[in-house]
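Quick one: the structure is below, and I'll ask about it shortly.
Just so it is clear, A, B, C and D label the chains in written order, and each chain counts residues from 1 on its own.
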Amino acid sequence: MSNTFGRILRLTTFGESHGPALGGVLDGMPAGLPIRPEELQAFVNRRSAGSTGGSTQRREPDQVEVLSGIYEGVTLGTPIGFIVRNTQARSGDYEAMRDIYRPSHADYTYQAKYGLRDHRGGGRASARETVSRMVGGGLAMQLLQHMGVTITAFTSQIGSARLTEPYNKLNLSNIDNNSVRCPHPEVAAQMVAAIEQARSEGDTLGGAVTCVVQGVPTGVGEPVFGKLNATLGAAMMSINAAKAFEVGSGCDFAAMKGSEALDLFEPCPDGAIGTATNHSGGVQGGISNGEDIYFKVTFKPVATLMRDLPVADRQGHPSVLHPCGRHDVCVVPRAVPIVEAMAALTLADTMLLQRAGRL
Amino acid sequence: MSNTFGRILRLTTFGESHGPALGGVLDGMPAGLPIRPEELQAFVNRRSAGSTGGSTQRREPDQVEVLSGIYEGVTLGTPIGFIVRNTQARSGDYEAMRDIYRPSHADYTYQAKYGLRDHRGGGRASARETVSRMVGGGLAMQLLQHMGVTITAFTSQIGSARLTEPYNKLNLSNIDNNSVRCPHPEVAAQMVAAIEQARSEGDTLGGAVTCVVQGVPTGVGEPVFGKLNATLGAAMMSINAAKAFEVGSGCDFAAMKGSEALDLFEPCPDGAIGTATNHSGGVQGGISNGEDIYFKVTFKPVATLMRDLPVADRQGHPSVLHPCGRHDVCVVPRAVPIVEAMAALTLADTMLLQRAGRL
Amino acid sequence: MSNTFGRILRLTTFGESHGPALGGVLDGMPAGLPIRPEELQAFVNRRSAGSTGGSTQRREPDQVEVLSGIYEGVTLGTPIGFIVRNTQARSGDYEAMRDIYRPSHADYTYQAKYGLRDHRGGGRASARETVSRMVGGGLAMQLLQHMGVTITAFTSQIGSARLTEPYNKLNLSNIDNNSVRCPHPEVAAQMVAAIEQARSEGDTLGGAVTCVVQGVPTGVGEPVFGKLNATLGAAMMSINAAKAFEVGSGCDFAAMKGSEALDLFEPCPDGAIGTATNHSGGVQGGISNGEDIYFKVTFKPVATLMRDLPVADRQGHPSVLHPCGRHDVCVVPRAVPIVEAMAALTLADTMLLQRAGRL
Amino acid sequence: MSNTFGRILRLTTFGESHGPALGGVLDGMPAGLPIRPEELQAFVNRRSAGSTGGSTQRREPDQVEVLSGIYEGVTLGTPIGFIVRNTQARSGDYEAMRDIYRPSHADYTYQAKYGLRDHRGGGRASARETVSRMVGGGLAMQLLQHMGVTITAFTSQIGSARLTEPYNKLNLSNIDNNSVRCPHPEVAAQMVAAIEQARSEGDTLGGAVTCVVQGVPTGVGEPVFGKLNATLGAAMMSINAAKAFEVGSGCDFAAMKGSEALDLFEPCPDGAIGTATNHSGGVQGGISNGEDIYFKVTFKPVATLMRDLPVADRQGHPSVLHPCGRHDVCVVPRAVPIVEAMAALTLADTMLLQRAGRL
């Protein structure tokens, strides 16, 4: 059941990195939504290698083929099945990996869990799996646009280069002006330099993505186990290499006093109730309060270095893997649209679920 | 559906802070497990006010009454229903809150979502809700003990007082030697002092809890959306006031190079495969690798200060709430067993689900 | 997970026949619905022994105690927890059953599945379990009334006494005018006589319940696996002793020609589209067509006879159980409100789910 | 969520009758199971038009393309994605149906539910949807074979031609010896004649399928809402045109006395406990008792006659549809493998879930 995400809007995915295709089924899309296929394809393309700095040169087209659920340009309310063919899979590259475990990869844990694995390029554990999330998320994004919700993510840290301004002091229209998807030109330049430095050393870098969700009405989200904090957290922590999730002031709350952390109410010009600050990140008790929802996701560095890598064979004996294949120095810029996709799936699902709770 | 947690071992909870009772149903416990009721009650008592420093003086017994699923001291495999009566609820204290919204509480968001609310003590949004998690988690803990898994949480930060050593350099048997549940005596003393200082100022403090899970076999966890990172993340972020979740090196990964972050394999004395370091926190690709699983949860400061508090009325007009009632200065020590309970529910559920995947 | 029913409106139940209490949690009720507690209690009482002919004389009050989710007479949108205490449980009656398996009961299968069981009165397998369904169903019924939907069930067969008229030729206001809940006075008299005859022989009788759901708007239900046929079927076949489920013309369809079975359209006076006949039972492709939804559920005879009963001991050796305790001759009249309760839960859930599918 | 079936072994399907492809994802298959693709394709072919008497002449190859989850001939434990292209879709045939509703079809109900529909050949409501169930069910069947479980279905009634012997008096190896999949040669001949008669009249026929599941160990199934009766019932009632479901003696129970219906225990030669009769159909309290599990599913006649058909247009005004396209006279023989497929999915899922319940 762990290949399905969502309660009302449910994405089920399948596919190994080097099998014939990846794909999925998005069930629960309301009927009657016009779908713009070029916009969907463009969204999926943002994840592609080569679309950012720090990424490999491999360019796989990731052509989305929709097989059902959309007729004459409009959703039918039936499940949307789709596939993305693997066109450039060169399995031969990976024959050396059949009997070894790379450190900080999922080779060993998949083998332990399943007793066998598709060793080619990580198989199901490959970050290539996220292409199905991009398709589902891209469709969810079009639903959210219809609902007046926008989702914007950007790179907020790569190695020691990090943004210090809050998101609302940045010009987010700059995000796509550079190869690292950072809205601050100077910090973006530092990130590019850090990536080049790491590349020259055969090393890799971690980083973080910040995401802002705007336009969610007050009162969206569920109590107790279904809090927005929790569903967004699960969504983000399910992305490959994600190791931390923070909502609002996040980890900074630990060192704060209550008197510093309170978001005091203030009347809005339109008569609604707003808050003067937004430490909470737009969520109180798991439910949206009408302010921007924002959060940060931290990613560990890519585990494949372009150096000789100490690995283990099936008996646990040490061995060495020589660098080969195509690998990103830093995946964080490519993770930006994946964070958006997972946020879109989470919010669209939550907003549809909301409707089922009305008398 | 958001009042149910888990896939195989499923806890469904109910109850408002000032209603007749809280309670829940734990479905999916295997049959034949002897249950030690005193141990369960003792675990639940760890959450109680007065059990730690920083907490209110209110002492509610939180007496667990098991209604089904256990017969002659052993689980039947049928759902375990339980209730905890609210014995000290003094609703009158809360009459003033009927028409106001406290800042950084869920009053406003519940009202917006549901159109009405039980205003007494936060209703369903009260942290008192977690008593049902303690019962479910305490039962899951007894199952995990049977499976050889232990879970240990402790306070790692309160305000500016924080542990700097990793958990494996600490003597975890010291956790209950002080009122803040911190295993390091000096840091514990700093935490106690910080709480007293905040109390004297009518202020509150945030903090963090670290949790270590030991004994989980290699290969436990699910791929893609069901990664251990994601299910643990959802579990922790569903706890009241939780605002950040980090696995392994967590946020520190953002500034790390790949060459610093790799957990290289090394043979274990027993022939198994281990790793020399454990930045990953025991999880690769969402699946356990046999190392300790550890993570950190950050909590925001208590939102009710013992000062005059600026609040909003239903029209958004400013008003003032005078301090009254009983409120914790810092909930982090009380959150320690709640983190354990949610970790126990998550791990027990995952380990049972694992069995369903074997040929 | 099999102790939870529903997708949006979810009933989770617990309780053994002779434990301290049965109960459950109804999650997903929309906020703001006024609840009439006396009506709920009266609905639950319809299931009680002694409420009908054919039933035992045991009178257990089945007092419903609501513990959460309703405040000041109105639903909060939070889970409704409830319990029903077992007040007349005389476990001593059942000591003889600890080591034997009664034929056509679940003693043997529970023992095989779980390795142990609560042998007292059937434990979790007792029909007493349905009291929790009555509470959940009674609440769902109040929601449906708000939505304009009514549910009416009646006894359509007991032994060889059976109704031959279709439901719409009967005066359904007669249902509660006799002890067998059959709306046709002559057939009801035959049923009463059949029960008395069986009672005098120490025997028992099977039968059937017919249920009519009126007021469901056109277009309610889900496609494919979630068809109304399927969800109603699962609901009904989950009731103790249910062995057959038929929608519309049901089993009679097997011998029909297409030209006899078609429900031709005809314009309704109000401009809507109706059908001249209703063989389909109000459902096409799993979705309501605005006609009455009707179905029939067949129940096997009570398996406990008031005769010496050949049983098996744990080794499979034959033994004899002497009649004791209190047992119904025919449960079908008591099953009438249980069918209503499960229909109410199914329809209310489906109608709430419907809302989540709108753009 | 209604396009997903199962709890542990979960089939999610997609596809419209005349879209590019149908397909699905089977999640939860244990790793390490060798898959025989020719056997899978042969199973899927059993559903095809032209494979039986009573069916249309349209021969669509229904070529299964597996896209993931199987590597080097063995399951990986990851989701199995698959598609079946629609190769012979002639949408032009259906243009006349864009604005009319056929009686006893789902045209009107889909339009009412979704506000729009793919009118070509029934779209998602077409029985062609079941091809995805055949793929999922065929894979489940291979898992069940590994577990020692066999599933055999056959036609037990078409129109007035019906089997009167119980399944265990029939030679089930005869099932595929005739075009109607009936194991009794004389009755099969009557069925063939009935179909030819109906065809000559431009009419259609209903019927029934009986299914026998053998080899399920004692103790499989869940209590309360997850009873085998209920999950099998939901599975069968979700098949297009299914209108009744009976377990064991089914509807006959209504007229039986308890003394006639009891399945008395008797020791088996192998020391296990068996029953002398099997009215219960192998299920007690929702859990298998080691006897054969058998049940019957009744299907209504095909709603498209080869006659001028009175239909309604969108305003409800009467219109006439001239016969066209390719339509079965009786789908029951083609439903035989679909019943097997759904039974296989249900049993495999239940047996995997069983494992999660062991200490």
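The criterion applied here is as follows: contacts are C-beta pairs under 8 Å (C-beta built on N, C-alpha and C of every residue); 3 or more make two chains touch, one makes a residue touch a chain.
On a predicted model such as this, the values are computed, not experimentally measured, just so you know.
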Which one, C-D, B-C or B-D, has the same contacts as A-C for more than half of its contact pairs? B-D
When A-D and A-B are ranked by contacting C-beta pairs, first place goes to A-B
Based on the averaged CA atom positions, which chain is farthest from chain C? A
Rounded to the nearest Å, the gap separating the Cα centres of chain B and chain D is 46
Using Cα averages as centroids, what's the distance between chain A and chain D in whole Å? 39
Chain A and chain B have mean C-alpha positions lying a whole-number Å distance apart equal to 26
Could you say which residues in chain D touch two or more other chains, in rising order? 1-4, 7-8, 13, 28, 31-32, 77-78, 113-114, 124, 223, 357
Which of the residues in chain B end up touching chain D in this complex? 8, 28, 30-33, 77-78, 146, 223, 352-353, 355-359
Would you mind writing out the residues of chain B in touch with chain C in their complex? 1-4, 7-8, 10, 12-16, 19-25, 27-28, 31-32, 65-69, 71, 74, 76-81, 83, 113-118, 123-124
In the complex, go through chain C and note every residue touching chain D. 1-5, 7, 13, 101, 103-106, 108-110, 112-114, 124-125, 129, 157-160, 162, 198, 203-208, 218-227, 229-238, 240, 242-251, 253-268, 271-273, 275, 279-281, 283-290, 298-305, 307, 310-312, 316-318, 354, 357
